[in-house]
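For reference, the structures are reproduced in the following blocks.
Two complexes follow with chain A in common, the first pairing it with chain B and the second with chain C.
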Partner chain A sequence: MEFIKNAVGRLVPTEINGRELKPFMGAHADQGGGEKYGGKVPAAAKFNNKLLDNLDAAIDACEIRDGMTISFHHHLRNGDFLINMVMEKLAQRGLKNLVLAPSALFPVHEKLVEYIADGVIANIEGSMNGPVGRACSQGKLKGAAVLRSHGGRYRAIQDGDLHIDVAFIAAPCADPHGNANGVNGKSACGPLGFALADSLWADKVVVVTDHLVPFPCHPWSIEGGNVDYVVQVESIGDAAQIVSGTTRITRSPTRLLIARYAALFVADSGIMSEPHFSFQAGAGGISLAFVKYMSDLMHEEKVTADFIRGGSTKFMVDMLRDGLTKFILDGQSFDLDGVRSLRDNPAHIETNPFVSYNYHTKGCFAQMVKVAVLGATEVDVNFNVNVNTHSDGWLLHGIGGFADAADARVTMITAPLVRNRLPIIVDEVTTVTTPGETVDVIVTERGIAINPQRDDLLQRMKGSNLPVKTIGELHDIAIDMTGIPQKPEFDERVVALIEYRDGTVIDVVRQLLQQD
Partner chain B sequence: MKFDFDDNELKKNEASFPHFARSGRAQKGDLVVEGEHREKGGVSVEIESSVKALFGARIEDVVRDSLRTLSAGDVHFKIKDNGALDHVIMARVETVARQLWAIPEPGVLPQARAKISSSKRDRPRRTRLYLPGNNPDIMLNAGLFGADCIILDLEDSVAQNDKWPARILVRNSLLAVDFGSSEKIVRVNPLTTANFAIDLEIVVPAAPDVLLIPKCENAEDLQAVEQMLIFYEKRAELTTEIMLMPLIETAKGVLNAAEIATASVRNVALCFGAEDFTADIGAERTAEGKESFVARNLILLAAKAAGLQALDTVYSDVEDMDGLIASTCEAMALGFDGKGVIHPGQVEPIHRVFAPTQQQVDYAGKVIAAIEEAEKNGMGVATLGTKMIDAPVVARAKRILALAEGDIFKNPPQITRENK
Partner chain C sequence: MEFIKNAVGRLVPTEINGRELKPFMGAHADQGGGEKYGGKVPAAAKFNNKLLDNLDAAIDACEIRDGMTISFHHHLRNGDFLINMVMEKLAQRGLKNLVLAPSALFPVHEKLVEYIADGVIANIEGSMNGPVGRACSQGKLKGAAVLRSHGGRYRAIQDGDLHIDVAFIAAPCADPHGNANGVNGKSACGPLGFALADSLWADKVVVVTDHLVPFPCHPWSIEGGNVDYVVQVESIGDAAQIVSGTTRITRSPTRLLIARYAALFVADSGIMSEPHFSFQAGAGGISLAFVKYMSDLMHEEKVTADFIRGGSTKFMVDMLRDGLTKFILDGQSFDLDGVRSLRDNPAHIETNPFVSYNYHTKGCFAQMVKVAVLGATEVDVNFNVNVNTHSDGWLLHGIGGFADAADARVTMITAPLVRNRLPIIVDEVTTVTTPGETVDVIVTERGIAINPQRDDLLQRMKGSNLPVKTIGELHDIAIDMTGIPQKPEFDERVVALIEYRDGTVIDVVRQLLQQD
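On to the complex of A and B.
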């Protein structure tokens, strides 16, 4: 295997799984070009009856063979039944060497580890976490996994880097034509955007629902014209695990402090009061509190955002209700308030990775967001961020939308400086998920570091009494508390590629020497 | 109250040492240490840790170095760590060692931080944040919330079985943890308990700024405390004098507040404790607090007459911010200088109540300018407009400016946005 040094100084292979790879050259170096994936031309006359009796009938109809690539979306999160249902059937049929292409995996999918061990699954492209990530770190996948951001996954499918043979789309509500949405039915989850690319470019598309309605199912997030088969099942998921009934803000004083610093940074830097303000925040403990503090500050200063981007939660819905934002642009709903609001409020808009995150488009929403607040596992003194591997080298998380959302005008990382003896700021991240050039501010409980390339932000913060420090100072504070950590020891073998949103390779994950 | 210096509690009879001992908690930022005597083989150590890949070697070094300092013989130590920092590991190892053999005093102390705080008698004490003494994780970030004082508690929040682990952990935390600009207070156990002298012996070498003395009832109590404090300060060769804060929480203590206030020159404030007081007088503790109104005022008057600060009790409903603010307003109106705090979220609302208004700050600035001008001109008395400025007016102005300055510069994370 040949390696080449990329723009963040990491050695990455030039070829893997028989595919030629490009090294990461810089966040916006890629200039596009080339052709999109085409796919076959269908004929409407053949699709008069798509409704099949059961999943087995759909698997038969799709003619799934060894080595095929099967995709799923993750809108049902830890409540998803479909991946386990389908994979169990494929395993029972004795299929081998399948490539799984999920947009994310959750702890509920732990059973996949067995299918990896049995050779049913040879590789994973897209995302993984927890037990499946551990198996990958132990070298149990036959191929080298590919981790992509949400936008990167859409791009890879659109560009033909990731060819999907069969896409199974769990749909909380669908009609016999295959129109589907995520806002109605007992398994309502909110948007269905992560399945869009799969529906457009997979050779076969199967919509699986537990709430079949007569045509037309409206609104339709998935369009029936892209769907081959529709299957009705008893249940596609566990509603309690799909969305949480109530979203609670963290009670940790440290996390609240970090969220408050982040919100005050947005206010003190003057960004909040400028025209066309917008922000993006997720559903982690600190992010939720950030949204709450932002809404307090915006209320005080009588600021209305043009839009806010979720992961929607009750706190964002409250902002929409209280006139603190004109729109919510929602990629996934994390609680019932989010789902209801998306269903009932025309100003709460469903988005998909094409419009929000894809780099191979004529512009996407991520680059219009003024402030994005994101979590991280590690940040290094060059502002490179790792969200994939723990400091001890285990691959435990997917990229999510991180690399894409970091395209915001100001990207802020919020994280405790020291977490159970682990320093968040390190000399060099274990894995580079996202380059430092796209990361502007690190907010911790012991100080805020601004990327020196953002002199504008440094100037703006001169009058603020927030504890602005250099990243080196924060690193010193952390190491002073924890001591200098040893580095994990890796084998030569590359077990996963970290693909940047433009399709270049920004880093690799290697097999761990210590396997327990 | 009588006591003698016969510290039998400290010197355990060798015959009573057990074969096996354990210390610590299976919690985040803590560890469980198990030690046992072996026939031979010297020191052996076994380590499990959530951060073993990154800090395993260092943890082993810390454990072995500690055991060497503690003169360990043939022992086996098993560590189950969950991300504890070095000073916590040292504390838990020492606690186990103390149970298993007679260690050379003073034990194994972490290196003191270079920054030694020098707290002043008259610093603001608007908030004093109580932390349980046996929880290492919660102490790490306690200095980040701007509380004027942090109280590491060895008394009510620590079960009798945990007194030893807590006092060693508190000692190590005083030395190793950066509490920011907060004053470091240790609440020791009452003088009437056997714990008191041991608390002092262990904690005084780590030089807390203040000792909070619970259940003070008369001047003799305080004098006894002072004598013992001086004894242990000398033994530890401290160069600074630890201050005292009597906590009055019984009917008898309230009636003797005046003599308690003047019993020691080291007193800086009188504190009131409502929970124990209401129990002592047989009343329910209510929201409006009529049952303790007289007591609080007596303590306040005693403190002020002696030139000390008067510090009110805690407000115990951490969710009720309106109640906290109302209670703080009332305390301030009576003349109290601060409230007790049991959650960091209570700090900022209280500081807001105590914050001087801009008008007060401006006026105080003028007063100081006028007095400086008068002094420059060799005049003893200054006037501002038509008003004469005498010593109490100057003192008040200085206090206001100190508070205002404290809000902007001293308290790190100013979460208020006053100077935007």
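On to the complex of A and C.
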């Protein structure tokens, strides 16, 4: 295997799984070019009755063979039943060497580790949160896994880098034509955008629902004109695990402090008060607290955002209700308030990775967001961020929308300086998920570091009382607390590629020597 | 030029404009295959500021050259300003041999006839209503025009048969990212679906608006991720001509009778009372009256349609309000009530030619409609329908959605038996727009003819008091009234192709010997 050093100094292979690879060249170096994958031309006359009796009938109809690529989405998160249901049937049929292309896997999918051991699954192109990621770190996959951001996955499917033979789409609501959405039914999850690319470009598309309604099912986040078959099942997921009843703000004083610093940074820098303010935040404990603090500050200063970007939560819904934002642009709803608001409020808008995150578009929403607040497992002194592996080397998380959202005007990382007696700010991240050139501010409970490339932000913060420090200072404080941590030991074998949003390889994950 | 006889017995060329042609083989013979056109891969980093000062800046940025294909949509109908504005600038720049690819042209675009004469426009792929169609019949275009149905145009762009270099999209409402809709602003027109394919596959896409709003403009019928440039202008159209203040039902007793017969046919055949009833009707005088009569019958029988398909009008909006239908699926709004309802009522849903009409999909809405009521310029004794030329041979109309909508379970043509002293039912239509195999019922004031292929409908109507006759009988009655009409005389030269929705050639239009 030949390796080449990329623009963040990582050695990445030039070819893997028989596919030629391009090294990461810089966050905005890719200028496009070439043609997208068109997809196969179907004929409407063949699609007068798509409703099949059960999953087996759909698997039969799709003529799944050894080695095919099968995809799923992760809007049902840890409540998903469909991946296990389908994979069990494929395993029972004796299929081998399948490539799984889920947008993400969760602990509920631990059973897949057995199918990997049995040779049913040869490789995974998708995010692996938890046990399947652990199996990947142990070198159990035959191929090298490919991790992509939400936007990067859409791009890969659009550009033909990731060809899907059969997509199974769990749909909380669908009609017999295959129109589907995630806002109605007992398994409502909010948006369905992670399945959009699959529906547009997979050879065969199967919509599986536990809430079949007469045509037309609207909104049609997934359009029936792209769907081959529709199957009704008893249940596609465990509602209690699909979305939280309510999301809760952290009670940790440290984390509350980090969130408050982040919100004050947005206010003190003057960004909050400029026209067309907008921000993005997720559903982690710090993020929720950040949203709450931002609400308070915006309320005091009578600021209305042009839009805020979810994952939506009750705290964002409250902002919309209170007139603190004109719109919520929502890629996934994290609690029931988010789902209900998306269903009922026209100013709460469903998005998908095409409009939000895809780099191979004529612009996407990520680059229009003023402030993105994101979490990380590690940040290094060059502001490179790791969200995939832990400092002990285990691959336990997907990229999510991280690399995409980091294209915001100001990207802020919120994290405690130390976690489980390990420093979060390190000399060199175990894995580079996103290059430091796109990361602007690190907010910890012990201080805030601004990327020296952002002289504008350094100037803006001169009058602020916030504890602005250099990243080196923060690193020193962390090391003082933890000592110099031991680095994990890796085998040579590359078990996963970290693809940047433009399709280049920004880093690799290697097999761990330690096996448990 | 070589000709071949197609499945409706018409001689069609095997090649034209340098493109190989396929003869029409039957309404559902095409089984798909091959790949769609993917479109070029752009890079988001190039699209941080799309807002240009004026149309000239956009034309410069698009680098328009001789021979390029330029497209427009026709949602502004006879109120459109944009086509004339852009074409005047292109003519002033001395550009030649452009191919115009509008979804349709109207009398307001008569000025284009001069650009055809001057060599600015070499050919037109699109519908030509009125004066430009007349110029086509006179042989003034250098190439052979191509007429496509709404669904056929989407298919042609999707499949790469029609490559668009630059699309100009008149947008009643847009944001600086290029997100656009037709429901807000002074030039509101309703849906924007006729521009969807252009936005997805044209090399360059320019959104031109007279109502620029901050990001995000929502609904985004056109997605900014597909848009290169945005231009704000004083006005994109004449509101009074874009949609009617109100649409009016015919007062002609003959036409009212035809509409009543059509509605009674739907009731007497039992179709109205079956589960999942739906129908489609347009905005012509007879169609409006048909909708009104259907409303009355449905109200009496307590029938609620699953959906009705517009072009939407006040009469459809009333049905939605009165609970006579669960949804309106709307491809274009014909009056202000239609526009307002689309904007405000979530059960009034915007559609586009992909979801509604495209044959190269995994099914579209057209084939789910129970009854489609459509007009025609001629019908022949084999139920072939002409909507393009008049009996005197002039090409004066586009196909609209005719060939697509005729895929409904029951396709009914409503027309007076005689118009301007010419029979509407003829031995052989001047031009075949749509094959008789898809046309089921002809409703005239003198009787109703059922396609003998539809034995089911003949059986269903046995108990009805409606004047069911054979098509031959209706033809004889017409000829008794008018005498045998003179046929127009044509030159050999093919001036336009009539493409069926699957991309095959169903007929040609030839140059008229008579020139005015």
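Simple rule for what comes next: the second predicted complex is superposed on the first by the 516 of 516 C-alpha atoms of A that agree within 3 Å, B and C clash if a C-alpha of one lies under 4 Å from a C-alpha of the other, contacts with A are read in each partner's own complex, and residues count from 1 in each chain.
The rule is short, and it goes like this: contacts are C-beta pairs under 8 Å (C-beta built on N, C-alpha and C of every residue); 3 or more make two chains touch, one makes a residue touch a chain.
Just so we're clear, the structure is a prediction, and the values are computed from it rather than from any experiment.
Student: Just chain B (first), just chain C (second), both, or neither: which does A:F47 touch?
Tutor: Only chain C is touched by A:F47; chain B is not.
Student: In this superposed model, does chain C or chain B come into contact with more residues of chain A?
Tutor: Higher number of touched chain A residues: C.
Student: Identify the partner contact of A:P353: answer first if only chain B is touched, second if only chain C is, both if each is, neither if none is.
Tutor: neither
Student: With both complexes overlaid on chain A, does A:G130 touch chain B (first), chain C (second), both or neither?
Tutor: Touch partners of A:G130: none, neither chain B nor chain C.
Student: Is A:P488 in contact with chain B, with chain C, with both, or with neither (first, second, both, neither)?
Tutor: So A:P488 only meets chain B here.
Student: Counting only touches as set out at the top, which of chain B and chain C does A:G182 meet: first, second, both, neither?
Tutor: Neither partner.
Student: Would you check which partner chain A:Y37 touches, where first means chain B only, second means chain C only, and both and neither mean what they say?
Tutor: second
Student: Under the stated touch criterion, which partner chain does A:P191 make contact with: chain B (first), chain C (second), both, or neither?
Tutor: neither
Student: Under the stated touch criterion, which partner chain does A:E445 make contact with: chain B (first), chain C (second), both, or neither?
Tutor: A:E445 sits against chain B, while chain C stays out of touch.
Student: Where on chain A is chain B touching in the complex?
Tutor: On the chain A side, the touching residues are 253-254, 256-257, 260-261, 264, 267-268, 391-393, 418-422, 445-446, 463, 465-467, 481-483, 485-486, 488, 514.
Student: What does chain C use to touch chain A in their complex?
Tutor: 28, 30-48, 50, 159-160, 177-178, 205, 214-216, 218, 220, 223-228, 276, 306-307, 327, 329, 346, 349, 354-355, 358-368, 407, 502
Student: Under the stated contact criterion, what part of chain B meets chain A in this complex?
Tutor: 28-29, 50-51, 53-58, 82-86, 140-141, 144-145, 343-345, 408, 412-415, 417, 419-420
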